[in-house]
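Below are two complexes that have chain A in common, paired first with chain B and then with chain C.
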Partner chain A sequence: MSPPDPDGPAPDDIVGRLKSPRPSDQASGPGDTRTSDVSQDNFHNSDSKGDLKALGRDSAQLHDKHPAEKVALSPHAPLSGRDAAIAERKVAALFGVAVLGVIGFLVTFFAVEQEFGVPGNVYFTPLLGVFMAMALGGIGSGTVLWAKLLMVDEESVQERHPFGSKPEERAATAQALKQGIADSGLPRRKLLRNSLLLGAGSLALLPLPFVGFLGKFQHKERILATTAWREGARLIRQNGTPVKLGDLLIGGVESVYPDVEGGTFTADSPALLIRMRPDELELEGQKQQWAYQGHVVYSSICTHLGCPVKLYETQTHNLLCPCHQSVFDASHGAKVIFGPAARPLPQLPIFVDDEGYFIAGGDFEEPVGPSYWERG
Partner chain B sequence: MSASSRTGRRTSRLSGYAVVLIALSVLGTLYTAVAGPSSAQEKPGTDQSMKVQEGRDLYLSGCSTCHGLDLSGGAGGPSLIGVGASSVIFQVESGRMPLAAGVQQAARKDARYTLEQIDALATYIQSNGGGPTLPPGDLTDGDLQLGGALFRTNCASCHNFAGSGGALTYGKYAPELAPASARVIYAAMQTGPESMPRYGDNQLTAEEKRSITRYVRYISEAEDVGGASLGRYGPLTEGLVAWIVGIVGLVGLTLWIGART
Partner chain C sequence: MSHLEKATDTTAGWVDERLGAAAYVRKSLNKVFPDHWSFMLGEIALYSFIILLLTGTYLAFFYTPSLTEVVYDGSYIPLKGVTMSQAYESTLYISFDVRGGLIMRQIHHWAALLFLASIVVHLLRVFFTGAFRKPRELNWVIGVLLLILGLLEGFAGYSLPDDLLSGTGARIFHGIILSVPVIGSWATFLIYGGEYPGTELLDRLYALHIFVVPLAILGLITFHMLMIWYQKHTQFAGPGRTEDNVVGSRLFPAYAAKAGGFFFLVFAVLAALGGLAQINPIWLYGPYNPSQVTAGSQPDWYIGFLDGSLRLMPNWEWTGFGYTVPFNVLLPTVIMPGLIFVAMMLYPWLEARFTGDRAYHNLLDRPRDVPVRTGIGAMSVAFYVILVIAGGNDVIASIFHVSVNAMTVAGRVALFLVPPLVYVITKRWCLALQRSDHELLHHGIESGTIRRLPSGEFVEETVPLPLVYQLSLNGVEAEALDHSSPTPLGPGYEQKPILEPAPEKNGFFRPRHGSTNGKSPNGKSPNGKSGAEAKVAELEPTGEQRRNK
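Here is the complex of A and B:
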């Protein structure tokens, strides 16, 4: 809708505008589908009821002739004359508020002394907020007021025309296709036709390698399956100090990392060292050898979606993942006893070196963390 | 003339009392200052044994039903031999003991005993089998920054980064830390009550525990600079409020604008 006339359009003007024929009616040529849409018989400009009365026609009669459209003017006609002038000034004032807000914002931002970390003017941030609210709110409320007071308020229903092309256009297209095929000589030249079918048909075999034969391109470095833990690497805390046998009391836990270059920063290596009474720890088979006098180390990366599992309850030996409530039993090889995790937390083999410090017996035997494509 | 002389007489009489009073208090202070230490040095034995006796009386009347007459445990209560004074301070000062009947986890309540009674109880328990005790002095004089780093490494996984606590398995929970006193916080690290791990001095030194205690007290008393803390649970509650209050507000505003058109 174009911006309103300052004096406001008279009701007659609206009717005239609504009735005015689209210029495209006659101007659209063949092939210009965009404008030919408009020229379809079942697409029309609309008339309001008041409009119909003005034309002296019966509304039902017109409805039959123009089934696709209805337009109603709402009872709120745009303001006109003096009222419109006042409304325009109100809108302009709101836009002016927006300008003041922008100016105030910029002045505050550049003129007020403010340093990060230094206590400064307590009104700095609130002022920025107030000015920004003035700027955005002025534009917004001005626009709303403009639309409500000065624009034509109308509701129109415009029905779709049939999607299909006209029968004669379809016939013409079919004729052109037939002519093209005949011109290409395909119906006559059997060799050409058959070789084309063969060539195009053989394309179907192209995706064959993607169906189960990409194995040889699988990456071999097993980067997702290994961590920074090495045989003989000491278990260190986040601050770099090594953990000694006896540092932990029974019922103690410690987040441990491998004592290798950048070991406390590798995302897949964090583990949890837990000490419980040796008779409480029931591990299966070889994993018994991986624990040391009631000390056991599990990867602290959840096998469900990789959250840090460090919520250890000393009485139940439950290890809880805070993200999706998977619960692992630390006294039974971190087997899953609740929640969405599918596998136990991998256990790290640990031993104690000559000086009494904990060392890793190697990397985790299985990949840590959530499942991935080639994990199997 | 006569009035002023009467006033003067009264003043001199009052100042006489004042001089005596000041002299007496100075003498008293001096006596305490000089004689105090020596009398305190010879006291502990009797004081300690009186405390043990008082603690024993409190124990027998309030705790022995569950923990046994000889501290060896019994009907529902664990043995208290070797748990140390810190356990008593944690459990009794935070109101968890005496226990309300039949609960999954002891809840924080108003303390049933006074601080003197708790000290007496702690002395009595400590005299039977020893165990961890609180170090003397201010427990919150550690390094705030170090405390923060250690808190995030060791404590935040259960107690939340702002000490708001959180859920554990099967109805248990890590409690909010703000209501805990410095003594209770320190004792909790030493003793590892209920689900909580224990942190011995080889793992977290006394200095490191003081730092953590200072940090927890600091964040518990810290102002919420952003306005409402929303429970200090972080993005979860903040996002919830943004969606419920913000989006519902916007929808309401939109409906209002639409209705007025």
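Here is the complex of A and C:
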């Protein structure tokens, strides 16, 4: 493997040095018949000097011309003498930092108050982080420095081995597989084969009920298409107070929920009551009846992906969804004017009851929120 | 004999009497790993995962995956008396009442971000250097699977605290599943345990997050590492480095010490981040409420590309025969990522198909030497980056005072315009770099010494590039070189190139020229100039070929 060396290995040459047993190779005595891929001959060092010589270059001349060449190949030569002593002290200092970090961490952990809101302890978590980083980083950087400065780390070469097996090997294995299948009798015994297929196939059905039972499927279409709004349900705020005609000024908005059991918690019922000048509100057909004196209620569940649409711009009557920037025009039936949403926000029919409170005229006429397959 | 040596003998002897592992252990200790800074990237991912397991276990001791409503009565005063889910309450408990809980949470979150970031960068390294080629295609596929699992794991963990931000994410996820034709609504009922928000989501995400997905990741990582061990790591071309060997450090002690030390360094950086850099302050977001959302809601960075594709998508929806297909959701979040991941997994075979290159490769490519692949990679990165930018278009719009709509429209245009442009530029750039290498090999380095020739002409002397760099630049096997005739280094003379410069490579191809040893890796027939290669060269003559004509 070693390339021909015209000058012959010098005694201090690393290639030559490597040929002597390494400490880790001492286990290999004469009787060692290891077949591993790291026999001694597999290693040769490609340190700059030796390698350049090996490659047939006049390295001395090259070195004179280019001093940088000397560090070209193997910068890992460990330090020695005074340099090594200094390096050792550096590494030791870093390990010492780790000790300090652990002490600091323990002191902080047990001695510093953690209670939130008490002055001074905003430092608790940052201090833990700093000391932890000292402890871990001291060990880490110390070890890396040790490896870089003080460990013998010459460049080694190892042979790769072919990945595929020998053709005979492959054929023999295939033969063994085929023989095994034949020995099992599966190819010959048709009844056995067919009943096994049937049995194993039916076994696959066994976990299906468990998967199916993860969900509750009753009236899927109806559940997805309906909300908690009922005819006559008052429009209430999050805190439960009903909204009265005149509570909102022109340009005002209010988040409203149905006044039914748990109405403020249901995920599909939140709606937005908007008041604008009646002449600004241009609704089509029956939807005009669903508004009341410039008051209009839209579902605030975005028809794109269900984020609450509540950012209302009074001047333009634009409703913006903060998740993916769909924009709806509240003055024109919440039709989509920009963004990825495909459908207008459904409008809730509202009226005013005898006491002057807003009530719903029924549920939304179409499903609220994101589209789905059965929506139609 | 020192105490340490004695102890080593005793312990090793004890183990070997029971396992007989001496030969295997020695072989492993001597295993050679090539060194290059970019080989650390995968290590960072591995170490982040270990740190995720450690910190995550601690968090699991305190977290409750339940949507049951409770009234908060913990240390964080601003939320006292607020009704919230048990999941959110236990996360607040970890943050404020468990000693060191907050730093654990923050290290966990930072580690998750780093885990995915290092996977992505590692993947880019593997792609651009061609490390996925035969025989490592399977490991590439495992890597892509790990990326997908990492995204899932990240999303599940992100959703667990049940704060306003993650709840919004879970709601968007609901809409995405709902958009799948035929099975969409069934699937949401399965996952959420009923109509949204359901009662089961967190229990299921928790089981996935702490058991199923980590186990799958662990299994795949094990397989990933075993394959690296068995196949040996790839290496860059250089002196003495061939397709048939591996040049580097032995595992023990230096390589092991560096790798081990590096684990602690990664952990130290994450600990510092976890302590000093606040992340996901869920107590500021408040508990999830389906009727609330904050402006500027952003997912973690690794989900950002899906959010961006959602924002850029026009509002297409198909309705017919009583059914609806919401392409505005289906296309950007289900079909597009599906296609991307399938294409990623198939890429090694696609490239082999188009180049006809089915040889073993253990030497890495330099990106410039395979301009087409590098172009494809750069194009994909551009596509991805545009999507990520689009995912934050509202934030960018508000910072730079531009309209969100303009950002979206610009993003739509850029998504189709920029990647092809990037492809062309990258490819030309690679070819130019090849030429500059060629120049260096031919003419050497300018010495700064001007010489006047007898004819009166002034010429600058050049010195040939040091052999080490020639070998690295050329990317050829050292063994393939003719070592017998060293060229004299006379300054000022017309230098005959010491190495035959690599011809310009215009595609995926790494032509092997003048292989003197005639031996290709693993005893297979040498990968000569294939038909496809000749064809491309014919179609697109490079500058060099043109000059030769």
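General remarks:
By definition in this document, the second predicted complex is superposed on the first by the 210 of 376 C-alpha atoms of A that agree within 3 Å, B and C clash if a C-alpha of one lies under 4 Å from a C-alpha of the other, contacts with A are read in each partner's own complex, and residues count from 1 in each chain.
Assume a contact is a pair of C-beta atoms (placed from the backbone, for glycine too) under 8 Å apart; a residue touches a chain by one contact, two chains touch by 3 or more.
Since we're looking at a predicted model, the values are computed, not measured.
Once the two complexes are laid over each other on the shared chain, residue contacts for A:Arg375 go to chain C alone; chain B is not touched. Of the two partner chains, chain C is the only one that A:Gly137 touches; chain B does not reach it. In the superposition on chain A, A:Lys148 makes contact with both chain B and chain C.
Once the two complexes are laid over each other on the shared chain, residue contacts for A:Pro308 go to chain B and to chain C alike.
Between chain B and chain C, the partner in contact with more residues of chain A is C. In the superposition on chain A, A:Gly104 makes contact with neither chain B nor chain C. Contacts of A:Ala267 after superposition: chain C is touched, whereas chain B is not reached.
In the superposed pair of complexes, A:Pro242 makes contact with neither chain B nor chain C. When both complexes are overlaid on chain A, the residue A:Gly362 reaches neither chain B nor chain C.
Using the contact criterion defined above for the overlaid structures, shared-chain residue A:Arg160 touches chain C, although it does not reach chain B. According to the touch criterion, the shared surface of chain A, contacted by chain B in one complex and chain C in the other, consists of residues 144, 148, 153, 238, 255, 308, 310-311, 322, 325, 327, 338. Across the complex, chain A meets chain B through its residues 144, 148, 153, 237-239, 244, 246-255, 308, 310-316, 318, 320, 322, 325, 327, 338.
Chain B makes touch with chain A in their complex at residues 149, 153-154, 157-158, 166, 168-170, 172, 174, 192, 194-200, 202-203, 257, 260-261.
Every residue of chain C that touches chain A in the complex is listed here, in rising order: 22-24, 26-27, 29-32, 75-77, 96-97, 99-100, 102-103, 106, 135, 168, 171-172, 174-176, 178-186, 189-197, 200, 204, 231-232, 239-240, 243-250, 252-255, 257-258, 260-269, 271-276, 290-297, 307, 310-317, 319, 322-326, 328-329, 360, 362, 393-394, 404-405, 408, 463, 466-468, 478-479, 481, 483-484, 486, 489, 521-523. Those residues of chain A that touch chain C in the complex are listed here as 1, 3-4, 24-25, 27-28, 34, 36-38, 46, 48, 51-52, 55-58, 61-62, 65-66, 68-69, 72-73, 76, 109, 114-117, 125-130, 132-137, 139-144, 146-148, 151-153, 155-164, 211-212, 214-217, 220, 223-224, 238, 255, 257, 264-268, 270, 300, 304-308, 310-311, 322-327, 336, 338-343, 369-376.
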